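In the two assemblies presented below, chain A is common to both, partnered first by chain B and then by chain C.
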Partner chain A sequence: MDRQVQTNSRQRELFIKKSTRVAASYLNRVKSLPDLPDAAVPFLDALENTYIKLQDIAKPENVKTIGTLCVMVPAELICAAGAMPVRLCSGSYTAYSIGDDHIPRDACPLVKSIMGFAQIKALPVFDNCSLLITPITCDCKKKLAGVINSVKRTAAIHIPPLKKEDADTEVYVRELYRLIPVLEKETGHEITPGSLADAIRMVGRAQYEMSRFLQYRKYDPALLYGTQVMAIMNAYAYMPVNVWTEQMHLLNSELEARLKRKDFVGKQKQPRILVTGSPITFPNIKLPLLIEEMGGILAADETCMGERGLSDPVSVIEPSFDGMMRAIASRYTKPCTCPVFVDNRQRVFRLKQMIRDHKIQGVVYHVLRGCLVYDYEYQIMEEEMGKLDIPIIRVESDYNEEDVEQLRIRIEAFIELIKLKDHAKKKSERK
Partner chain B sequence: MKKRNIGIAIVYIACAFLLISAFFAADFVLYDFHMMPSDYTWEETDREKPLQADTSLWFTYGSGREVKFGISDEINAEGLRLYAKTEEESLPITASDLNPIREDLLGYIIAAAPVQTRDIDNDGTAESVYDTARADFGAHTYELTPRAFHLPDEIPFEVSFEERKVIQVHYMDQILADAKITVTDADGIQTDYVTDENGWIEGLPIRNIREGFTAGYSPNENTVYRMYYAVEDYDYFSEHFFHAQLPLLIILALSVVGIVLVYFIREHYAKRDPAYAIYSREKPGFKGNHGLESGNSKFSIIRWVFLILSFVLWTYSGKLLGQGQLLNEVAVPTFSCPFNLDQPVESSCYYLTHLPILFTRNIGYVIMFLLTLSIFLVLGGRILCGFMCPLGFIQDLFDKLRRALHIKPVQVTDRMNKIIQPLKWVWIILFLGFVFIGGDFCNICPNKVFSTAMGGWWVNYALGGFLTIPLLVGSFYIKRFWCLMCPMGYLLGVFKKFNLFKLKKDCTSCTECGACYHACPMRIKSIYTEREKSHVQTVDCLMCGECINKCPEDKALSLTFCGKPIYRSSRKTFMKKYDKKSRHRKLFHRAKATKTGKKEE
Partner chain C sequence: MPNTLINEKASVFEKEITDALYTIEKYLAGYAEAAFFINTARKHFLSGFNCLKPDIIVLGSSIPAELVFATNKTVYWVLGGSRASSNWADDLVPRDTDPISRSSLGYLKSDFTKNALILVPLVNDSARKLAYLLRSMGRHVHTVYFPPVKNKESLAEWYRQYEDCRYAISSYFKKPFSNRALQRTRERIYQIKTHIRKFILASNGILCGACRMFIIGSYYYAEDPSEWCEHLDCLTKRLQNKSPVNMSKARRKVLLLGSPIYFPNYKVPFLIEEAGLEIALQADHTSLTICSSGCLAKKNRRITPYTFYINDSSPAYVKNDTLYEEIARLISENEIDGVVYHILKGQIEYDFELGRFEEMFEQEDIPIFRLETDYNYQDVEQLRIRLEAFSEVLNQRTYGKGVAV
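On to the complex of A and B.
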């Protein structure tokens, strides 16, 4: 028994050493990108606190944190119950290698990473949350909900894979109603119409700042690097909503000032690239880093850690309790472009819109190894991008650093391709 | 599946009930004002002669059903001759026919005084003065049928209220054209008017016909004909006006009972629902909207202004402006009841439901009617429903009331919308075709009561009055309940391709969040599922702008006028309500307060 504890503690020490080192190296690479806005620093600090200094989320005392996965768990409900939501989807390579022992080989690395953290108990953000709410989205998350329950108390909520019919939305509304007593029991606070409305307004303010922020991403040349944006969005998972919002407000003001000064970080002809596909979560941000280190600019992202999580606001039609619940249920399923939904044509339209708005020249389609649902949709995306004459590249990666060089070559080639294409287009225009 | 079958069954039962009961509609009497002329009393007035009466005879009306006549002292009541009109003819009557009033009389009475010889223009020579007075009262007062008496020997000079908007002059049974008519109005002021080729007194405000006036005509220097004319009419806030509200109050009271009943029935069944314990934490009551609605958008304020203004216009303008139904050839397709004669234009529903009657009118009227109607139908379309229909206004008021009370609405799904379709077709059949099998749509029309009662008009309500109750209960729980099956609305929607106002969608910008669908009172689902066409307006679209108001995506939905967008959805406007420093109670501090023993608010 003693030996067991000893091995565990040694393993833990090793883990902490390794994981903080990896996280720190990635964070440094993000920071080393030029022209980091001053107001963006607290976001990176939040990541640093979580992954390097191993601190809990900066919350008032006695407030419980509740862990969530995916983008389908309504933060509004958790806030309305007086708790704080933390999103635990993780990109830690070290946790991944631990999770590998508990989860089948072909499962996706994100799930393994979550499981690794649950097992090693080294991340206070992870360990201090009293409940984990897992939406049943893809197969990996579904089985994770069952397996992780033995180490972390988990409430699973069912996401209807169809969403066109009213009955499907109704299923999710019922599911949320079922979640309410669970949350209330956990926090000891009742969710009242007033507190729910307050929560909707609070998250709404975050969404408002987010929508302003997204406007600043549309400029060509860019106002800030996409990798920094990814980190900022990622920080939403580990910051209290109101703190994140206030900081975002400052950042928006700074970007506005930058815009007035015409202080762009990008250059005129930098290839504008969009990343879509499997979640890119800190510290696994090698892909955005590679794109920007290779001379591209990550002008937009269509991933669940980035834009998808916050861009759609709750549209309350009826200000009654039931009306609010329905509005929340609608917002968390209907506009969601996660490929776990059976019919996901709307993702194509979302991408088209982003390509139009952000003047995208190339799409990098990220697939985590084992992430079947995203891989399924590559075909249709390739077809659609072909119609639009936008080059697209499928990039498969795993939670380790072994494939970095290979990725670097491919992305470099892709960026050169876009540059050549741009050049040829300009030439033919001149003629 | 079971629920669906019940729904279908209810709809078919309602259809069958409507079709069958329509034949006996007149037998279901909700309220009868007893307005046949025989219900009136005929008595002498004790009041002084009104200013507008130049004649030695005049009529006034009591607050109930009383016709009062007055005679000056200078003439002898014995020599008075009385004439009345029946369906078939005009005939002389005696005072005993009026006490009580004979049942076959239409309620048009003329009293003629014996010839007097007086110098009324103070020119030194005496003239022969022929004084008459005319009263129109009872149910036929405002009918369109011609009402001149055509008794040249007994009543040579005659004025009558025709076409609901003009005073026509007859002299010796001929239309009197290009003649000078002196009119004394309610202030006692005399004005000269000239008649046109139809014998209509040009420029005479219709207000006079309701207040009473005297028309004078002298064919030569020695003869003066004068007729005092007063149509039964009452002031606002008179006893008569308040009496007119009675059926509306009855209907409202029954509707409130219905609403409460539905509320408790629903509560009873909802208790089986596991979510009931949670959402029932919110008890009904006026509580404000939790700051989640950014007030109203400019567009919806404009819409409400339009709705209120058009309600006032439809209901009161004729009397307020004193012009009556000035433009009665202009047919506007809304559900404002034409039994209210104060509407400035003709609400086309009367002639649409009585097509044979339309074609008995003169050809000019018919052409004008069809022309204006088709302009509104084709170019206007259902924007009239959203912006002008008084019934839409009433329904929107009921919906506002429910929202203010925080009562859950009945969720209408698009499937329910499909189930309800047969009912719509039944209404359309009844609306256009009922008259051809001898029915009268007005008897089953559930929309009659609002503009008539509120305008102070005495109109009897048959089955339609009872149908108003489910309409109101329905529109309380379901926004624009009637519009889901409105036959007039369907006619308006058919020409959606030619409408000046159109609803457009930019399919690329849409994220399919479904907010538009949930906001739409007509539950048009295609508006959010459509991903190819930009023209998303369907037959049902009221163009109320709710979808645009609730759409968070930039330019995804827009209302266009002649192709130019006049109202667009915008993320900025949508998000504006969150812009201010959050005034929410500190959610995370709430936890602290409770833990330290303080009472939670």
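On to the complex of A and C.
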């Protein structure tokens, strides 16, 4: 028995050593990108506190944290219950290797990483959560909800795979109503119309600041690096909503000043790239880093840990409790471009819109190994991008560093291709 | 597509079916009553896709059969199972897609599906995306989903799905079907299931597992389920008059669990038999859908639209309690020496469920063997060696327990 305890504690020590080292190395690479805005530092600090210093979130003592495993879990409901939402989708390579022993080999790395943290119990943000809310979206998350329940108390919510009909949204509304007593019991706070309205306003302010921030992201040349943007958006998962919003407000002011000074970080001819596909979660930010280290600029992303997570506000038409609940349900399903929905043509429209708004020249389609739903949609995207004459590359990756050099070569070649294409286009325009 | 290529593709498919049928025919040589089932399969697969004019196509076995049979229209079930048809879909699906979805899409992209209503049960990620692909190809698709946690609310939601499906079928054919017709069909299907269970009991220890699987599976190829049932009865009577070959004493009995096995890909059951094991029970989702009466038999409830959902053991649920309970019942009622847990590459849900079953069988002291494969034949020799080793383990355990072999 003692031997087992010793082995476990040694494994935990090794885990901590390795995972903090990997997280620190990626965070340093983000920090080393030139011209990091001063106001962006607290976001990186939040990631450092979570993954390197292994601290819990800075929050009032009597506030509970509730973990969520997808953007389709409404933060508003959790806030209205007086708790703090923490998004626990992780990109930890070390947790992934622990999770690998508990989850089938072909499961996606994100799910393995979540399971790894649940098993090793070394990440306070994860361990201190009093409840996990798992939305049943893809096969892996569905089955994870059944498995993780043995190590962490879990509430599963069903996301209907269709969203066209009102009856489908109604299913989700019912699921949200079912979640209310669970949250109330957990936190000891009643969700009232007033608290819900306050929560909607609080998250709405974050969304407003996010929308301002996204406007600054559209500038060509870029005002800040896409990798920095990804880190800032990832930090939303580990910061109290109001703190993140205030900091975002400061960052937006700093970017506004930068814009006035024409203080750009990007160069005029830098290929502008959009990343779409499987989520990019800290510390697995090798793809944005590679794009920018190879001379491209990550001008936009269509991922759930990025722009998709905070892009649409809840629009309350009828200010009753039920009206607010329905508005929340609509916001979390209707505009969502996650491929777990049967009909996802919306994603094509969204991508086209982003390509136009952000002056995108190339698309990197990120597929995490085992993330079948995104892989299915690649062919449609390839066809659509072909019609727009936008180059697209499918990049399949895992939670390890073994494929970095191979990815580097492919990304480098892709960026070269965009440059040549751009050069040829300008030449023909001059003629 | 050039004609030569079409012919080449068709001949590969025909060869696959003919080869599998030949082996089955060899096993069933002494049973004239089995000819009907072989001919049914031959007609279903080999009459040429151009000759098929189905009104309704059902993907998989997760749609309540009464909804399609009550229409009196021509039904075509697409279960997958063919390596050749899975190759036809190679350019449409990602590399890691499971062979069943691949094979089903291979069938469905053929022209014979153009004018039919395709019913797609959304049991997994591939089914969702297949529905989307089929719609983009201009096919008429109706989807049915399964609330993933079975509770009171989900029953209401299932009822909505059921009624939506019924409405979709009625409006497609512009012919509504009454509650009475539906109830009659439900009861007829229940009767058929009773006959299937009788057949399973009678064939135990007489017919090999692959043959039993083939005969039960041919339910999905039959044009008239009642006629199919009559022939099954004839075969059952013949089997009831025959004494078991005592094959069971020489061979270790295994329960075949996990991903469903569909004709013509009988690689795994054939290998199990060749390794000296006997498939005493088969408990994949499709076999349970055809055979099991679940809670209905236990509590003598009336057959309702909810019956299917309550008894459904597909991996569409967060925790597949129905399957777990069914397996617990099967192992308490039958004596088995080991379990072969079959996983088709890409069917991650079954792999997730394995852990729970491992615990269950460990408590019962029954060895469980995970066998992962796809529709290719490259791994046959490797699988054979592994199965032979498993068979050896089971034999040794029996010696250890002091039972004469």
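The working rule: the second predicted complex is superposed on the first by the 431 of 431 C-alpha atoms of A that agree within 3 Å, B and C clash if a C-alpha of one lies under 4 Å from a C-alpha of the other, contacts with A are read in each partner's own complex, and residues count from 1 in each chain.
Here is the rule we go by: contacts are C-beta pairs under 8 Å (C-beta built on N, C-alpha and C of every residue); 3 or more make two chains touch, one makes a residue touch a chain.
Remember, it's a predicted structure, so these values are computed and weren't measured experimentally.
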| item | value |
| --- | --- |
| Chain B versus chain C as contact partner of A:R178, first or second or both or neither | both |
| Which superposed partner A:G146 touches (first chain B, second chain C, both, neither) | second |
| Contacts of A:A156 with chain B and chain C, given as first, second, both or neither | second |
| Dominant contact partner of chain A by residue count, chain C or chain B | B |
| Touched partner set for A:G386, first chain B, second chain C, both or neither | neither |
| Chain B versus chain C as contact partner of A:V342, first or second or both or neither | second |
| Contacts of A:K352 with chain B and chain C, given as first, second, both or neither | first |
| On chain A, positions contacted by chain B and by chain C | 167, 174, 178 |
| Parts of chain B lying in touch with chain A, wherever the complex brings them together | 274-275, 278-279, 281-282, 289-293, 403, 406-409, 411, 413-415, 507-515, 518-519, 529, 531, 550-552, 571-572, 574-575, 577-579, 582-585, 587-592, 594-595, 600 |
| Chain B contact footprint on chain A (complex, rising order) | 59-64, 79-80, 82-84, 164, 166-167, 169, 173-174, 177-178, 180-181, 187-195, 197-202, 204-205, 207-208, 211, 240, 242, 312-313, 315-327, 330-331, 334-335, 337, 345-346, 349-350, 352-353, 356 |
| Chain A-facing residues of chain C, complex | 92-97, 122, 124-126, 128-129, 131-133, 135-136, 143, 145, 147-149, 153-154, 157, 160, 315, 317-319, 345-346, 348-349, 351-355 |
| Chain C partner contacts - residues on chain A that touch it in the complex | 103-107, 136, 138-140, 142-147, 156, 158, 160-162, 167, 171, 174, 178, 339-344, 369-370, 372-373, 375-380 |
